[in-house]
Amino acid sequence: MTSLTFLSINLPIVALLPFFGAIFAAWASKINRLASAWVAAFVTILALAFLAPSIAMVFAGETLIQSWTWIPAIGLEFAFRLDGLALLFALLILVIGLLVIIYARYYLSKKDSMGRFFAYLLMFMGSMLGIVLSENLIQMVVFWELTSLTSFLLISYWQYRKDARAGARMALVITGAGGLALLAGVLLLGHVVGSYNLTDVLAAGELIRGHNLYLPILVLVLLGVFTKSAQFPFHFWLPHAMAAPTPVSAYLHSATMVKAGIFLLARFFPVLSGTPEWTWLVGGAGLITLLIGAYTALFQHDIKGLLAYSTISHLGLITLLFGFGTQLAAVAAIFHIINHATFKASLFMVAGIIDHETGTRDMRRINGLLKYMPHTAILAMIAAAAMAGVPLLNGFLSKEMFFEQALTASNSSVWAWAVPILVIVAAVFSVAYSLRFIHDVFFNGEPVDLPKTPHEPPRFMKIPVDLLVIICLAVGIIPMFTVAPILAVAVAGTLQTTPPEYSLAIWHGFNLPLLMSFVALVLGVLVYVMRKRLFAWHESGVAHWDARIIFNAVLGGLDAVAKSITRSFDKGSLQNASVWVIATALLAGFIGFTSVSAPLFGDRELMPVDGVSVLAVAILMIASVLTLALHRKRLISLVMLGVVGLIISLMFVKFSAPDLALTQLSVEIVTVILLLLALYFLPQTTPKETCDLRVSRDIVIAVLSGVGVTLLAMAVLTRDFAPISEFFLLNSVPGGGGTNVVNVILVDFRGTDTLGEIAVLALAGLGIFAMLQGMKLHAPDRDTGGRLWNSDLHPEIMQTLTRLLLPLMLMIAIYIFLRGHNLPGGGFIAGLIAAVALIVQYLSNGIAWTNDRLKFDMHWVIGFGLLIATATGLVAMGLGYPFMTTAFTYLNWPVVGKFEVASAIAFDLGVFLVVVGATVMSLVELGKLSNESHQAPVKPTTQPTTQRKLEQEAN
Amino acid sequence: MFEWILSALIVIGAFFTLVGSIGLYKLPDFFMRLHGPTKATTLGVGALLIASALYFSFKTDDISLHEVLITVFLFITAPVSAHLMAKAAIHIKLKQVDRTQNKMK
Amino acid sequence: MLETALLIGFTLVSIALLLSFLRLIKGPDVPDRILALDTLYINSIALLVLLGLYFQSALYFEAALLIAVMGFVGTIGLSKYLLRGDIME
Amino acid sequence: MEWLISLAIGVLTATGVYLTLRARTFPVVLGLTLLAYAVNIFLFAMGRLTVGLPAVIDKTATAAQYSDPLPQALVLTAIVIAFGMTAFLIVLALKARGELGNDHVDGLDTESDNYSNKEVK
Amino acid sequence: MKPFLNKVLPHPILTLVLWGVWLLLNNTIGAGHIVLGLILAIFIPWLTSGFWPEKVRIQSPLTLLKFLGVVLWDILVANMAVAKLILGRNKDLNPGFFYIDLDIETPLGISLLANTISLTPGTVSCDLTEDRKRLLVHALHIEDIPATIKEIKARYEAPLKKVFVAC
Amino acid sequence: MSHLVAWPVFLPLITGFLLILAHMGGIRLQRVISFLAVIGLVLLSAALISATSTDQYQVYLLGNWTAPFGIVLVLDRLSALMVAITSLLAVGALWYAMSTDTDKKGAHFHILFQMQLFGLNGAFLTGDVFNLFVFFEVLLLASYGLLLHGSGRLRTKAGLHYVVINLIGSTLFLFAVGALYGVLGTLNIADMAAKIAVAPQEDLGVIAAAGLLLLVVFGVKAAMFPLYLWMPSAYANTSAPVAALFAIMTKVGIYSIIRVHGTIFGSEAGELAYYYAPWVLGLGLITLLLAAFGVVASRGLREQVAYLVLASVATLLIGVGLMSPAALSATLYYLIHSTLIAGAMFLLADVILRGRGTYEDRFESGPSMPSAILIGSIFMFAAIAMTGMPPLSGFFGKVLILSAALDDAWFATIISVILVAGLITILSMARTGSLIFYKVLPDDSVPTSERGEPLNRMAFIAVIGLLLASPILVVFAQPITAFTESAANQVFNSATYIEAVLSTPAVTEVTN
């Protein structure tokens, strides 16, 4: 029972275990440098152990699926699948992974962080396992991209090296981009099939191939495959990834990372193959890659470079096999996957040993290592021979199959003759570079100027290589007893059907493939012998064709384009930003209106015009135009603005909005005072603009805005409407207890607006206060005419008479406040009047004098205002009504008579206090600014300071 | 009779208001212009306010004297405004017509 | 009778408004403009009083009162600016 | 009358927009103030124009005859908010003048560069 | 009692004035407003007492009333005169500046004098010297400066000086 | 009478004025009050979310006036979600501000912070267009103050631009609301939707124009092309906790489009149903491309993060523009992710800036910073989340949106743009990480005076805390997407919203 339960969740455990292991590995390095390696090895073995119980089921022909719901909205399940193909890859990943771990434990030097290395490696392993074990395609893409990320970390492991950083980034960009394409492909696939689960997708091959999205799907998936598996034209990242520590290369470029793409080809083989598009795209890419890789490998001086291009070439080979599209070709492909993984892993390890022992990887310096490290040399030679396709080694077998497929599978094509020939050419180079690897490293005289004297590596560093080479031999000699079973299930898993007949014998008699092998071997040796001339030819031209140049050019181009677009749009210019907003608004209004067929104007009866109104509006318009026209003379422009404000108040009066008129009047003056306070510190004139184009552009936008707004206003005003306002008019008295409907709306019907509004005002005051802390500005000591300021700080007559006005204005404020509920007025206006009353005192008596007499900290006034306003609302909540519910009643007191008590008045009091507090705070803080700024600059000392003396006496 | 008084006050008030503005408009220098608004206009508005007070006192049940407030207010403030404007004008040495006696420089 | 008087009143005050505004435009100096603005305020009070009479409504009184107050504050602010630059010190 | 008011709104908007697009802080403040005026009248006019009947209830008029009080309440709110905003902006303009050394809205008459400049803190 | 009263009613005249203002504002003499107005008229002066550094005493209320009458009358007359001047030809006008040496010393007195000058015949007070001893006046049309000064001093300054006494 | 809906709005307001009254009481008192309030908000949001477990709307009649006459607060899953995100973000930002003493760098930080929350929560809960305007102004003014908090040359300039652009935006808002009122005669969102459904054909032109004008307004807030120019430098130059909190600001615009346009011009709007959506989609696509370019062109980490935020906003706009429940659900999922991670990212950028001494966040080789491996690992984690790489939430959010896009006619363009932009940002972030953490100057080449300060571990908790959202979103994707799905369905069912808002009765009699 327990085993059964376990068996139904072991696949996610296998895939996720390495990730948890990674945490332990990183942590373990703190205890002991080598502990990470042991953790990593243990985790890998544990994963194998978790996988082991399922192996028998797969061999029995079952496909294991374990799934949980995750995001049902998009059919994303947390789902794992184990079939033959997945099993093959899982075993490759884990077994070769284990060997690499053992190898790396000896490879890494003291200064390398073990914890980081093994953590990254385990995460990478987990990602790979995730890809091959995923049942859900989106989940597979997740792991797919994780391999890109973790390989980035692994390749850039020696982060201080420029080539490591560049190589890692290139790998990330190319494979990451492919991953995104794959994602798109998978999404389309899921869209077509209606499910992201492999089981469903694999069963829908017919549907997919017949769908008009087939080609996009194919291309997108292949982009994923080709980038990951370093197929032309994306192959160039792989050699640059060789900056990674060699164990990483051994792992990534033999059995894992690059095989992920191949895995995907195999996975989708039953779904996507069998069409001309498939053949051309997959076969074409494979063939070109095969050739380019094989050719280029020969000319590498870096051992790992040679192996990298060889890898590219072999991946091309496998791709080409899949491209043939036949079942037998797929068998060959899978077989070669296994073989390549073994010999290439061992070769990379050998390269690592050499690097480790000699301190270099340059084959021009490394020579004659046979006598320094004979054991290693023998291993290397066997593995290289396998790579070259020498009989009795695994590489020979799959290569034979490959030749056979090359001959048969392309029969149908017009280019039938071309494929076998090109394949032989590639094989020739393959032999040549393998030969070069052996000859140039282990023979070819004495080493040149090596940093270290080489000798055999530690015992355990060779054991992984030993094992891999033994596999090469075992498979090569007795395939039926070694590789056959796993190959069979893998093929079955790939084809999702009974595999075709194929033979794994080493001897098929004298046939064309054998001949081809022979020709390749002979010509290969020949090419190697003639290498000098070939090298010269290569160095003179082809060597400089590096796709990296294109890659860098593309990135550089992207950089340049991005910068120029960003800088030309986001110029850091306010004018630019404002123009965009306003122009967009204009366009939006226009598009909105024209998107519906409706007349611009309605047919509501309009109001007749009278002379006074015409005159007033004319003054308004002229004043506003003059505000603009005279804007460079700032003070005069400000005076014009004053006229505009005045006329607007008059308009409000005329059109039955006394409350608005009162507010407008007060706000207008406070604004003017504010602007005057500010203008003191600003230039008195605006310089003339130099850019006529901008001016005319702005004029156009301004005029269009004006016209647009006029039309919009008319469009509405010529229509009838049925507003909700009747409710307010009817309920103001019975429901709100006030006859001034505007005020009742403000403090009752829409009291929350008002609460927000006083919050804004409070914030403005506090924000201004905060902004002005510590601010110092240059205070001019003379005006624009060059005159010193008048020495009379507070003209006597103004002082005396405005003091007289204070109680009067406060009285008016209270009057306006109290009547607000029933007649024009209210907290706002009263607050503004009271604030103006205080401001006048500041104006005529100065800040110090007034502050001495006004003991309130305006913070308190604002705070209490908000408190009172909110508390009024909260009281209602206490009584079981919603926030802001008001109540009123009529009291009848002796003498005083009948009067109304409304909670809205309390609310209005809060409003009043906030308005006073915020307004006074803003202005006075601003006023103080000048006093602080005055201290340094010259005061008009040339004139008598009687006034100030008198001032002091008065205090 | 009441209507007559009212009408007269309205016309007189409006007239003096206008006179103030005419002064403002046509007089040749700032200091001379200053006289129009401070006096004529104040009186004009005063007359109109009295008209208003009368009207609302007699047309409605209540008496209406609050217009007096505006008048008083103007009588206090208009000279202060004028004083300050004149002070400013002297400070920035505005030109005066040549025939001005004791010209300020 | 009253109608006619009001009509005349409106006309005269309108002309006054216009003249004040013309002075405001002409200047020539800042004090002239301040004075013109101040006069505009006072003219507006006249206009409001007439409007109150015309509509027989007492609701215009506060606006007139406030114009008187605010006009004064604006004028002393502007004048003080000319005198001292720093209006609050 | 509607045309007259609409035109007034339009002129205020046009002048406001033009000034808002200027390069110095002070005209921008003026421009935004004019724009605020424009939108306030606009919003107010959206309740349609009524002469001589403020929404102060007495027994002489029916609901339909009063001016629409709702836009008036909205405009009142809008005026006060615009005032708060303007006040803040004015002080910000001063701050900018102090910290950037001039009153250009972008702080410099030439392009400024966020990162190339090392002494910027 | 007296100090207490001084505290509560720092400016009894002001209280009276404000009480009146309240009733004027409200356009009523209803009982409620009389009470409320009184409360406010006491409260506000108390609140703002700090703004009245120097106490003012009105010594001779009768003189004040008489003075107010004179001023009101002069305002009327002045306006007629000024209207005539304004509507006449600009060329006929003879503007001029002159200083008035002040005898009055209280700030309120000086201020009221300046105000009165501005409200009455063809004169506007333009500036007060910093020692508060001389008042600069501009006249729209003036022929005899010394006579005008004399008249102003007699007609306005004297009563004001009598009424407002510093204490 | 349950007041639950009102508390998220009034708790920060009350805290705000308590802080004003307590402003003399020293920073410690303010911190305690402020932080407790934010924790309170988190608890409240949990209550709000659980209160939306049924499909019921909770309509709260402020002032006890029924809609459309009074102002209503409306709680549905969408608004509950927004409030919850805001609270979580606020905890992180506030924690960071306190740990780094950013709140001491100027006056009134906590007051502004709470008032910002007041505005935000109000905007998310209100059911009234004009009230939305008011809350916009509250949150804007608070944000102005916060943005400028601590001051500095670039900050002031960015602040000036931000303020002016938003003032223009506010003006447009009023024009739009005014025109809508002028035709429809109402301000309540539900009532507007109801009135549009029966509006005569000849009025539709004005309504459509006003609707798009309103879209521009929300577009400014959301930083939609071509209206986002205020945004990168504002976010890049303000203090870190403020930038972090601002991660929600752009979402206010997104939310408003979903709420206001989605309801008013929703399925009931006849000819105007969803007429705005193609514009949102198209402009979202352009924004995304430009944002990706901006990420490449950035000159420093904070600017880059700002452009990343822009990219995430663009992705959200695309999701909104797709106008299907599936797409909206995806958008909401992505919104949770992008807001919290962007917040973390701004904080992280500040951690890095402090660690690099005088080199700050500029893209040039600097000294290796203290605790580089820890910060670097977290940076990688955050970058993966932010750029939408697997296995973190950014990826799943994008996949959800892409998957929803498959049903759209423009799917090829949408998928290409999203993926290409994603690739560009990945590329850039790889370069950034590589530059900052790998390509460091040798230790002896940087004088001590130019080196960074040691990692503030307390502050770092905020970064990690916010970043935890990403794995949580992945692991609990099922319940979370179930929630966003039902939220999206609720939004699309505007008829129910209208019905719920307009039929909620006032409290007539209180039974205790």
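Going in written order, the chains are labelled A, B, C, D, E and F, and every chain counts its residues from 1.
Convention: contacts are C-beta pairs under 8 Å (C-beta built on N, C-alpha and C of every residue); 3 or more make two chains touch, one makes a residue touch a chain.
All figures in this text were calculated on a predicted structure; none of them were measured in a lab.
S.K.: How short can a path of touching chains from subunit D to subunit E be, counted in steps?
M.R.: Minimum number of steps from subunit D to subunit E: 2.
S.K.: Which chain has its C-alpha centre closest to the mean of all protein C-alpha atoms shown?
M.R.: Chain closest to the assembly's C-alpha mean: F.
S.K.: Which chain's mean C-alpha position is the greatest distance from subunit D's?
M.R.: E
S.K.: Can you name the chain that lies farthest from subunit F, using the mean of each chain's Cα atoms as its centre?
M.R.: The most distant chain relative to subunit F turns out to be E.
S.K.: Would you say A-F or B-E is joined by more C-beta pairs in contact?
M.R.: Of B-E and A-F, it is A-F that has more C-beta pairs in contact.
S.K.: So the centre of each chain is just the mean of its C-alpha atoms; given that, what is the distance between subunit C and subunit F in Å?
M.R.: 48
S.K.: How big is the gap, in whole Å, between where the Cα atoms of subunit D centre and where those of subunit F centre?
M.R.: 26
S.K.: Distance between subunit A and subunit D based on Cα centroids, please, to the nearest Å.
M.R.: 37
S.K.: Counting in whole Å, what is the centre-to-centre distance of subunit B and subunit D, each centre being its mean C-alpha position?
M.R.: Distance between chain centres, rounded to whole Å: 33 Å.
S.K.: Going by the contact rule already set, what residues in subunit A reach two or more other chains?
M.R.: Residues 572, 574, 578, 582, 654, 658, 677, 679, 709, 712, 716-717, 721, 723-725, 728, 749-750, 753, 757, 760, 763-764, 767, 771, 783, 790, 792, 795, 797-798, 801-802, 804, 808, 812, 823-824, 926 of subunit A touch two or more partner chains.
S.K.: Do you know which subunit D residues sit against two or more other chains?
M.R.: 20, 25, 28, 38, 40, 42, 45-47, 51-52, 54, 56, 70, 74, 77, 81-82, 84-85, 88, 92-93, 95, 105-106, 112, 114
S.K.: Residues touching two or more other chains, restricted to subunit B: which are they?
M.R.: Within subunit B, the residues that touch at least two other chains are 20, 22, 34, 36, 42, 64, 66, 69, 73, 76-78, 80, 83-84, 87-89, 91-92.
S.K.: Where on subunit E does subunit A make contact in their complex?
M.R.: 14, 18, 21-22, 25-26, 30-32, 35-36, 40, 44-45, 47-48, 50-54, 107-108, 110-111, 114-115, 125, 128, 130-132
S.K.: In the complex of these two chains, what residues of subunit D are touching subunit A?
M.R.: Residue list for subunit D touching subunit A: 1-30, 33-34, 37-38, 40-42, 44-58, 63-64, 66-70, 72-77, 79-88, 90-95, 97-98, 103, 105-106, 111-112, 114.
S.K.: Note which residues of subunit B are touching subunit E in the complex, please.
M.R.: Against subunit E, the touching part of subunit B is residues 16, 19-20, 22-23, 26-29, 31-32, 34-36, 38-40, 42-43, 62-66, 68-69, 75-76, 78-80, 82-83, 86-87, 89-90, 96-97, 99-104.
S.K.: Note which residues of subunit A are touching subunit D in the complex, please.
M.R.: Residue positions touching the partner: 571-575, 578-579, 582, 606-610, 613-614, 617, 620-621, 624-625, 627-628, 631, 634, 637-638, 641, 644-645, 648, 651-652, 654-660, 663-664, 667, 670-671, 674-675, 677-679, 681-683, 686-687, 689, 698-699, 701-703, 705-714, 716-718, 721, 723-726, 728-730, 732-733, 739-742, 745-746, 749-750, 753-754, 757, 760-761, 763-765, 767-768, 771-772, 775-777, 822-824, 828, 915, 918, 922, 926, 929.
S.K.: Provide the residue numbers of subunit C that touch subunit A in the complex, in ascending order.
M.R.: Residues 10-11, 14, 17-18, 21, 24-25, 27, 30, 33-34, 37, 40-41, 44, 47-48, 51, 59-60, 62-63, 65-67, 69-70, 73-74, 76-78, 80-89.
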